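The same subunit A turns up in both complexes below, where it pairs with subunit B and then with subunit C.
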Partner chain A sequence: MIAIINTLINGLLLGGIYAVTAVGLSLQYGVARILNIGHGEYIMVGAFITWMLHTTTGINPLLCLVVVGPVLFVIGYLVQRFLFKTLKDRSPSPAAFEGSSMLLAFGTLFIIQSLAIFIWGRNVEGYSYMAYSVYLGPLRFSANRLVILIFAILICILFYLFLAHTRIGKAIRASSQDPEAASLMGVKINRMLAICFALGAMMAGFAGMLISLAYPINTTMGMQYTIIAIIVVVLGGLGSILGSLIGGFLLGIFGAIVSNFEPGLTLAAYYLLFMVLLLVKPSGIFGR
Partner chain B sequence: MKAENVSKRYLTPVILILLLALLIALPWFTRPYMVVLLKTILMFTILSLSWALFSGTTGYTSLATAAFYGVGLYTAAKLGNVLPVPLMVLCGGLFSFILAAAIGAITLRLKGIYFAIFTLSTVELIKNVMHWYEINVAGVRGHRILHVSDATVFYYLLGITVLLLLVTYLIKRSKYGLALSSIGSCEEAAAHIGVNVITLKVFTFALSSFFVGLAGAIMATSINYIDAYIAFDLNYSFFPTLMAIFGGMGNLFGPVIGAVVFSYLREILITRFPYAYMFIFGLVMVLTILYLPNGLVGLYQTIRLKLKQANNKKEKTLGGKHASTSS
Partner chain C sequence: MLMLEVKNLNVFYGNVQVLWDVSLDVKEGEIVVLVGANGAGKTTLLNTITGIIQPASGSVTFLGKDITGLPPNEIVEMGISYLPEGGRLFPDMSIQENLEMGSFLKKSWKVRKERQEKVFTFFPRLQERRKQLAKTLSGGERQMLAMGRCLMSGPKLCFFDELSYGLAPKLVKESFQMLQMLRDNGLTIFLIEQNVNQSLEIADRAYVLENGRIVSHGTSEELKQSDHVRKAYLGI
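Up next, the complex of A and B:
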């Protein structure tokens, strides 16, 4: 019994990160129609900015949120404004845009990664933060991962409230449901698309910050998190924010169960689950 | 006029045969380094051509090239000491063919980006399972491979390239090629006019992967050591994709040009400035997709069309006096 609860809690702890990782990607795909293969690179940049700030100035890594968020928002905004916007204007059809935007995202992946390697090198980095255990009855888990989970849930709830209740949030949702009608209603579509992509990058940055709290980071880690994010997003239905939140926790629990039996096969199990899901129900568990 | 047409018609084949003869003779009189460089170039040429053969014509972006290349490498690792080299290479191709046919058969329903991410995760799945298998079940990680001389590998690769070029050429000229590009334009319409879409897609996917497997199996003999992470490196999926797009797929030689340019760039940059290479790679990819959607070949065709139009205008103003001599 305790083993089962332990696995579940481990899954939730892992799932928090997965959820934050995926929410940004889901927003980018759902509204801007960009399957951002370079998503993991924004995560990596967020993680390294946090690491750099913490190790040089010693400020609390959680406070780096204030720096990581705006920096990645600006990067994302510029990338959408100068690259994806140009591509969208030149694409003959939305379907063509979807295909080539993925390839364009590959290009940005290589650029961001090479710049990051140039700045931060190739070594595995990390720092220790709240690296002690917390006991809850017979259960034991590390404090930093608990903090990650709490922050992940907080970030996701705030993000959800932002989308549901603010003016910009409503405009974003309108653009995702019907871009033409939204633009007729006075929503500045191009600005919304750029803001969406920027928000996605910002969420990726937050995910990176959270990851750096408990896990070793390096400049080539992006791809791994991109694929996890894609899996979660497909699991929850492409473009559904709430779906990817739940999908994140589901994948976390699935991962914890698999690694209970065979830790070496966790990633392989993710891919297998993902491929089966694509074949059986590509619209995702919560897809429309 | 007729003589001009005849000479134009035979010009390309003659140049190609001369080029081939030059390549065949090359190992006899150049530095060994040149052969090593050409090996890489030919390898990427094969990968890009095979990518263009399926993905270029049908519009299905496959990112599974690394899986087929890795299968070739592993075939060499497992069978290299048992079978003679030609048979081993053939096995590499066949295993890739079978794997591609299986992937093709189960992904029939997937379109667009779904197909792309499915093929991408296929590579990762095979890599992870292989890695786990080697550590936990087989107990050995990595393999040493029988070494074959550079010149021999070079000739194998040259042979595969020529064969692949011929196959692509013949397919493009046949009704089979027309059917393939009709899938690329509109799959439903293709199915309605009687194209056997499913068989055609799966078979072409498998056929194009066959050549990747061949290339992998022979390239393995010049690598000393492989393991799952080396063999199933996703870059073998990304590079050929960009090379083919950069070169342009409107022409048989587009992917070849892309592969030659990029493998050469890679050779000179990767040893001294590996990050610069990645940066340039990404930058060119972005610029190509934004401004050269039809690649270098497309650019060339556009320029030629514009020149022709300009010429025509000139001729019109001159009253067509120099129409026959101006070209």
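Up next, the complex of A and C:
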């Protein structure tokens, strides 16, 4: 029994990061129609900004949120405005844009990664934060992972409330359901696309900040998180934000169960799940 | 008073000209209908007036101001709202959220509660189901919601594109009655229709668009008497 609960909690601890990671990608795909292969690079940048601020100034890494968020938002906004928007204006059709934007995203992946290697090098970095265990009855977890989970849930809830209840959040959802009708309501659709991409980058930055709390980081870590984010988004249903949130936790639990038997097979199991999903239920659990 | 004036509009899709020298006007408090067959260019005309498509030449004037080529959000802001064909509701949003989207512009957003109450007095059914998702509504309820959402920006002039398209005859009649009710409450209406018979019943004036050209116009009574309209559209 304790083993089961332990696995479940380990899954949630992992799932929190997955959920935050995937929500950004889901938003970018659902509204801006960009399958952002470079998503993981924004996570890496968020992680390195946190690491740099913490190790040079000693500031609490959780507080780096207030720097990482705006910086990544601005980067995302500029990338959309100057690269993807230009590409979109030149694309003959939305379908053509969906294809070519993926290639452009690939390009940004290498540019961001090269710049990061230039600035931060290739070494594995990290710092230690709250690296002790907490006990809950017979259960034991590391304190920093618990903090990650709490912050991940908080970020997801705040993000969900933003989408559900604010003027801009409602406009984002409306734009994802029918962009042309949204523009008839007076929504500036190009601005909304840029905001969505920027918010996606911001969520990636938050995920990076959380990852750096407990895991080692390096400048080539991005791709693995991109792939996990894509799996989660497909699991939850393309374009469904709530699906990505829940999908993140589900994949985390799945990963924890697999790693109970054989930790080395976790990634392989993710890919297997991904392929089965694509064959059996490509619309995902909450897909429209 | 002249509310909308369209003068000598020419519109192209690529090299193909779809509107030829189209001119028309709408006066305050009127219901004006533009009739024409499928493919005559009706929706293109509305899309041009509301800023979705840019004209090659010609002008659109609203309450004395030149609005030719302005983007859709600025046109909404000036007091024009547009109900596109099929209503184009946001399917995964509730009635209330759909209405709120109608008040998206900052000025309207502040008064959205008052506007919503007003819409609910026109369409009490919407109030009962305010939490329900748009995709779960019946055809008639969708129509009410689409009209209600149109009113949420506090427009002076409303465009309705193919209000009757795909609706059962009873609903068509109800929809046109709703239009008259809105007009009686001070709204000016420009309507696009394939259903010539019934739209002429409620409209004050009408224009006939064929192959991108206005071929005839006049009061509804005049058009009902015209040989061309009787033969081509009323099947008499």
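By our rule, the second predicted complex is superposed on the first by the 288 of 288 C-alpha atoms of A that agree within 3 Å, B and C clash if a C-alpha of one lies under 4 Å from a C-alpha of the other, contacts with A are read in each partner's own complex, and residues count from 1 in each chain.
In this section, contacts are C-beta pairs under 8 Å (C-beta built on N, C-alpha and C of every residue); 3 or more make two chains touch, one makes a residue touch a chain.
A quick note: this is a predicted structure, and the numbers were derived from the prediction, not measured.
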Which superposed partner A:R173 touches (first subunit B, second subunit C, both, neither): second
Contacts of A:L184 with subunit B and subunit C, given as first, second, both or neither: second
Touched partner set for A:S114, first subunit B, second subunit C, both or neither: first
First (subunit B), second (subunit C), both or neither touched by A:L272: first
Subunit B versus subunit C as contact partner of A:R140, first or second or both or neither: neither
Which of subunit B and subunit C A:L103 touches, first, second, both or neither: first
Partner with the higher number of touched subunit A residues, subunit C or subunit B: B
Which superposed partner A:K281 touches (first subunit B, second subunit C, both, neither): neither
In the complex, subunit A residues that touch subunit B: 35, 83, 86-87, 90, 95, 98-100, 102-104, 106-115, 117-118, 223, 227, 230-231, 234, 262, 264-265, 267-268, 271-272, 274-275, 278-279, 282
Parts of subunit C lying in touch with subunit A, wherever the complex brings them together: 50, 52, 71-73, 76-77, 81-82, 84, 88-93, 97, 100-102, 104-105, 109, 149, 153
Of all residues in subunit A, those that touch subunit C in their complex: 167, 170-171, 173-174, 177-178, 180-188, 288
Subunit A contact footprint on subunit B (complex, rising order): 59, 61, 106-107, 109-110, 112-114, 116-118, 120-122, 124-125, 128-129, 131-132, 135-136, 234, 238, 241-242, 245, 275-279, 281-286, 289-290, 293
